[in-house]
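Report on the following structure.
For clarity, chains are labelled A, B, C, D, E and F in written order, and residue numbers in each chain start from 1.
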Amino acid sequence: MRILVINPNTTASMTDKIGKAAEVAASSGTQIVAVNPKDGPPSIEGYFDEAFVVPGIIAEMAKAGAMDAYVIACFDDTGLDAARCAADAPVIGIGEAAFHIATLIAGKFSVVTTLARSVPAIEHNLSKYGLASRCAKVRASDVPVLDLELPGSDARRKISAEIARAITEDKAEAIVLGCAGMADLAHALSQEHGVPVLDGVACAVRLAETVSALGLRTSKVGGYAAPLAKRFAGLYAPWSPGGDKGADGTP
Amino acid sequence: MRILVINPNTTASMTDKIGKAAEVAASSGTQIVAVNPKDGPPSIEGYFDEAFVVPGIIAEMAKAGAMDAYVIACFDDTGLDAARCAADAPVIGIGEAAFHIATLIAGKFSVVTTLARSVPAIEHNLSKYGLASRCAKVRASDVPVLDLELPGSDARRKISAEIARAITEDKAEAIVLGCAGMADLAHALSQEHGVPVLDGVACAVRLAETVSALGLRTSKVGGYAAPLAKRFAGLYAPWSPGGDKGADGTP
Amino acid sequence: MRILVINPNTTASMTDKIGKAAEVAASSGTQIVAVNPKDGPPSIEGYFDEAFVVPGIIAEMAKAGAMDAYVIACFDDTGLDAARCAADAPVIGIGEAAFHIATLIAGKFSVVTTLARSVPAIEHNLSKYGLASRCAKVRASDVPVLDLELPGSDARRKISAEIARAITEDKAEAIVLGCAGMADLAHALSQEHGVPVLDGVACAVRLAETVSALGLRTSKVGGYAAPLAKRFAGLYAPWSPGGDKGADGTP
Amino acid sequence: MRILVINPNTTASMTDKIGKAAEVAASSGTQIVAVNPKDGPPSIEGYFDEAFVVPGIIAEMAKAGAMDAYVIACFDDTGLDAARCAADAPVIGIGEAAFHIATLIAGKFSVVTTLARSVPAIEHNLSKYGLASRCAKVRASDVPVLDLELPGSDARRKISAEIARAITEDKAEAIVLGCAGMADLAHALSQEHGVPVLDGVACAVRLAETVSALGLRTSKVGGYAAPLAKRFAGLYAPWSPGGDKGADGTP
Amino acid sequence: MRILVINPNTTASMTDKIGKAAEVAASSGTQIVAVNPKDGPPSIEGYFDEAFVVPGIIAEMAKAGAMDAYVIACFDDTGLDAARCAADAPVIGIGEAAFHIATLIAGKFSVVTTLARSVPAIEHNLSKYGLASRCAKVRASDVPVLDLELPGSDARRKISAEIARAITEDKAEAIVLGCAGMADLAHALSQEHGVPVLDGVACAVRLAETVSALGLRTSKVGGYAAPLAKRFAGLYAPWSPGGDKGADGTP
Amino acid sequence: MRILVINPNTTASMTDKIGKAAEVAASSGTQIVAVNPKDGPPSIEGYFDEAFVVPGIIAEMAKAGAMDAYVIACFDDTGLDAARCAADAPVIGIGEAAFHIATLIAGKFSVVTTLARSVPAIEHNLSKYGLASRCAKVRASDVPVLDLELPGSDARRKISAEIARAITEDKAEAIVLGCAGMADLAHALSQEHGVPVLDGVACAVRLAETVSALGLRTSKVGGYAAPLAKRFAGLYAPWSPGGDKGADGTP
């Protein structure tokens, strides 16, 4: 099985880390293709940055050719709905993946993410997915995304401290790490705190395999129907549904 | 007061219609500037199309120079959160505007929109805004957006029939028209059916005036904080927060 | 445009303050008529006091003659539903007005009101309006309503301290002041705390102008239908729907 | 035990019917005192009528002297919160009583009330009480309240037809009759339809006995705290908390 | 009237205490029959223990012969749904009973139960019953159930301390004691803290009398329909609906 | 990997069918062990039957020895919480599994189950899991469970007709089959109706593999903590936590 794992930001080191986490999580028979768009922000911290990643996600999907499933490796699940319209194969977001898996092993979980500005988008997703009642609290650790790439940073300490607060104050039974860049911390933090700590990348890769192996495809009745054929203008002409794409699906 | 009314799709005739509706609704002292992006889809019908309009909205805001308020004239309120991060002046979506006003004159309202594929996005917005409990039902009239621009189409008949069903079956006390392209139909449909029929463009323009006149600005604490300075890559370099913009804010 | 602003309690000094706040907020073309009933409590602090103000509100509406809109200037929105039945012109409560406007500029807001006994009524309104999910917390500042009229009181200090707690503990992005008597404090408190602080009187006046200017009227289908003609007995005979009113609409 | 059953409207024949239903439902040791205010509407059909009954309810409570519990016999539970502030002894509304009892014998219930204009108030109460999720639907039978007093009317037929629809369409497992004037119909309609049919008057009398017998009183911490002493003006001077009442508690 | 009060655990001393509390709460005309199963756990602390009590509850109901109502005296309301299928006479759980009564005398209540492991089951019940919005918080006092039977234990002190926190931190207006074994503490704790403190056993006995006296039976339409006749295998053959029961309804 | 798939009822033919469906769904490396208790009902149709299966589930788990994960193959997810307390390895219910997977490929789904009496239990689970907002409707096809084992029955026709109604009336984008006995119908019904049709057995097996492969275990903090050591009486002595089990973990 081939799964395209898309890191929606343009930071290659994070794409590498995500790709490695995906490969560790994947079944033996699964090939992980980890990519990131060439256009857009180096990290996604809030609604503004989110707005510039979806065309890149769609372009990477078009370039990649046939895939059995897609994973969007941004915890905000940016572009998830659009990607589901664009593909028949299942598309899984790492945020939703971690939320769903957490509910299978714990009554309530808390999310520990990066900056306060990212909390509302995560809260909106939880209520959109229907899982808000299962999340005790979405907490910011006050760690900028790219600090997770810096060896010297005290990111891990801050995240661990926030997990401790979630267990004590929220009575969280499990912790969801709220950023793809935290993928490498989950195991050690789980050992440290004695509760399950979930990384969305691993959860999403396995859920993508699962949905594909079950022979399920995204429903094309309703909100995820294939885009109507129309001619997009200017920058986006190559994305016009039903044609006009360049050789590689991008300008 | 100057209000920038952005039609996020690229269809100029719809921008004209929206601009006229905005001018009719605006106070005497208000100047309406109606624009649309040069890049993107000719109409927004579902999640895929939505994904290609936000950079254009931000570019139009940058190009327009100082404004007292902004209106996003797509009923899905596409890009609303990103636009609020980008600006200090208030930004109002026509969907949210119509929902809020409807709750001030009716206990429950129903929405009559275009295609079934647009219903889920509207339902998500209603629950995100907190107003889902005030909406009896979101109904599709099965009218493609651009049919609203065609003199000969039976769009009006289909919409009117759906309104009748909403009043009878949903016990709707008011109707919200679910597309900016329906702005010119509200008054006549209200006369015909004897309930308030709301057009989001007019509601949004007046709410934008209201928030601005009250001296209120979008809160910069939390989800709508100004974007962090970072360098966007490729196509989006001109949108990099804190610099790199071309003379007109676009490539 | 003429707007009747009704302070439902009998304290004239508060009516004056509310009238001034309304005039400051109103458009140039708008005439504010600020009144209070001659019958009822000097302040509204809890459910018991609320129960004695609605006939007075209806009487003031009847006495005032033709108006373009009505504002009920009690943060509990006391009598709002009854007033909507009594009038065709829109009726706006200052509580709902502030809640709706707050959601247009912030993801989450907290309310800072007077006494703990008033909190449940406000919480009920939030859930009735559908906006409970947008309110982080309703907080009491332990300030009796009439202390807001006393120069020497430490009301302002207590309110400011509660706002500080709302920002820190609730992550509130905006603050709604939960009493008409706080109308004069909003601007300074916003400066002091660096978040929007909303006064319901100003919000309601502008929303009343907006709904009226949009040519919208309260829906008469459903809960806000005009009262059925019937003969009220005793004290309330003058309020009998369809007749029996004295010259001035009151006993 | 003495229970004051207050019919908030001024129609004596309905008070008699309610009193009889209360006596049938009461325990042997319980004395029912059924009263109605001398001031107010002859029936309560919508928000406007509701607004004129609460002072009368409070006056009847004051006149009646010491009681072990109070029942408010209007299905809208009009004045319930104010009455709880006014008394230490428990106060039960017939609407809430029927809702709570229905949840003890059925998974879901539907309400069959009088006119469509009364539906929103009942829906608001259900969500305020927290029981909205247990109510399948609130249905109007299109029967004016006073038709229930007319031998010749087809009220019973209309109500029975609506019950049949509730069972078939809503999958209602029990029916709550949505008007005190329907108290005499419950038993026969239950026989006819083979599901429990609840009358709020009987439910409320028994719940009032129960709460009183358990030695419980309304909590005076929070929203139901005793009214603060203050001087009401004009018509309502006799209701001033902490004094000014006439011999019989009314003007 | 005869009410069977079933303590679902096998600890006779708790059955005695519950029986006494039930007799104190019951009307003079009511006969309380307090029993416990001979099979199962000595206390119910979490989901695992819960799973072994329902056959015993059904067996006790079968053995007891004709009853006017049944009370399940475990705060988790274990087996309530199954018992309602098994009987026509009403079945009341002590948890639901206390929750419903609390909402009649207070705006919001908090629950103080035994161990943290029992909190999720109580939270699920609250949301299933629809009353989650009326409960401020479910709190664990960290008291094992059987410590409530030990004279020397500091159970009472821990419970009282948790009640104090609920009043201060949750703004709880009433307290529900979350274990049948706390039945004897309610009165003194209410005196101590100045808010109503509810014991579910007393509430359930009175509600059972109420529902029965109203002539109401569990609805047999929908989820509480009588079990379909079928042959259970092995251990449970005696419970086979429609036959196979031993003389006393148990193996 | 070894997964124990427990059919909680005693009908061996259904256990065979479920086992086959599980093997088809499982990864190549996975060994499915399909069992059913020797004690209990031949089918689970409503709350009463549910009450007699949990000890059997726990006994099968004890007998089976070390497993990597457990699947409870009853759509009501009967005994799921107790089983999670009993095991460290993940336990997945087929109902929850199908609900979660459905939300990854569709905006809204409907459930088509067997008898009306089973609908409330499924609705409760949906709200407990947090997914009620994602389910358009739970529908009964009026097919008794064991008819699914009868070649001649018209079960398939009834189920297909109900699916058609769900697509038309509920706007369901996917269908969840609400009984383990329908496992063999999913593929053909999906072909027939052009929407994804999900079988819980397959979904649960893959989710069980996923959670186990991710190295996740049920959280032992909170509701799923291991049972406290105590001596169960009578029939259940062998299930006493911390000892007393017979050689095979059952009486």
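Here is the rule we go by: a contact is a pair of C-beta atoms (placed from the backbone, for glycine too) under 8 Å apart; a residue touches a chain by one contact, two chains touch by 3 or more.
It should be emphasised that the depicted structure is a prediction, and the values quoted were computed from it without experimental measurement.
Asks: In terms of C-beta pairs in contact, which of B-D and D-E ranks higher?
Replies: Answer to which pair has more contacts is D-E.
Asks: Just curious, how far off is subunit F from subunit A if you go by their C-alpha centres, in Å?
Replies: 29
Asks: Would you mind pulling out the distance in Å between where the CA atoms of subunit B average out and where those of subunit F do?
Replies: 44
Asks: Any idea how many Å lie between the Cα centroids of subunit B and subunit E?
Replies: Between these chains, centre-to-centre, one finds 53 Å.
Asks: Send over the residues of subunit D in touch with two or more other chains.
Replies: 107-108, 116, 119-120, 127, 133, 171, 222-224
Asks: Kindly provide every pair of chains that touch.
Replies: Pairs flagged as touching, ordered by label: A-B, A-C, A-E, A-F, B-C, B-D, B-F, C-D, C-E, D-E, D-F, E-F.
Asks: Can you name the residues of subunit C that touch subunit E in the complex?
Replies: 116, 119-120, 127
Asks: Provide the residue numbers of subunit F that touch subunit E in the complex, in ascending order.
Replies: Spelled out, the residues of subunit F in touch with subunit E are 10, 37-43, 45-52, 54-55, 58, 79, 81-82, 84-86, 116-117, 119-121, 124, 127-128, 144, 222-225, 227-228, 230-236, 239, 241, 251.
Asks: Using the touch rule from the top, collect the residues of subunit C that touch subunit B in their complex.
Replies: Residues 25, 27, 90, 92, 96, 100-101, 103-108, 129-134, 167, 171, 173-174, 187, 194-196, 198, 202-203, 206-207, 209-211, 213-219, 221-224 of subunit C touch subunit B in their complex.
Asks: Flag every residue of subunit E that touches subunit C in the complex, lowest number first.
Replies: 107-108, 133, 171
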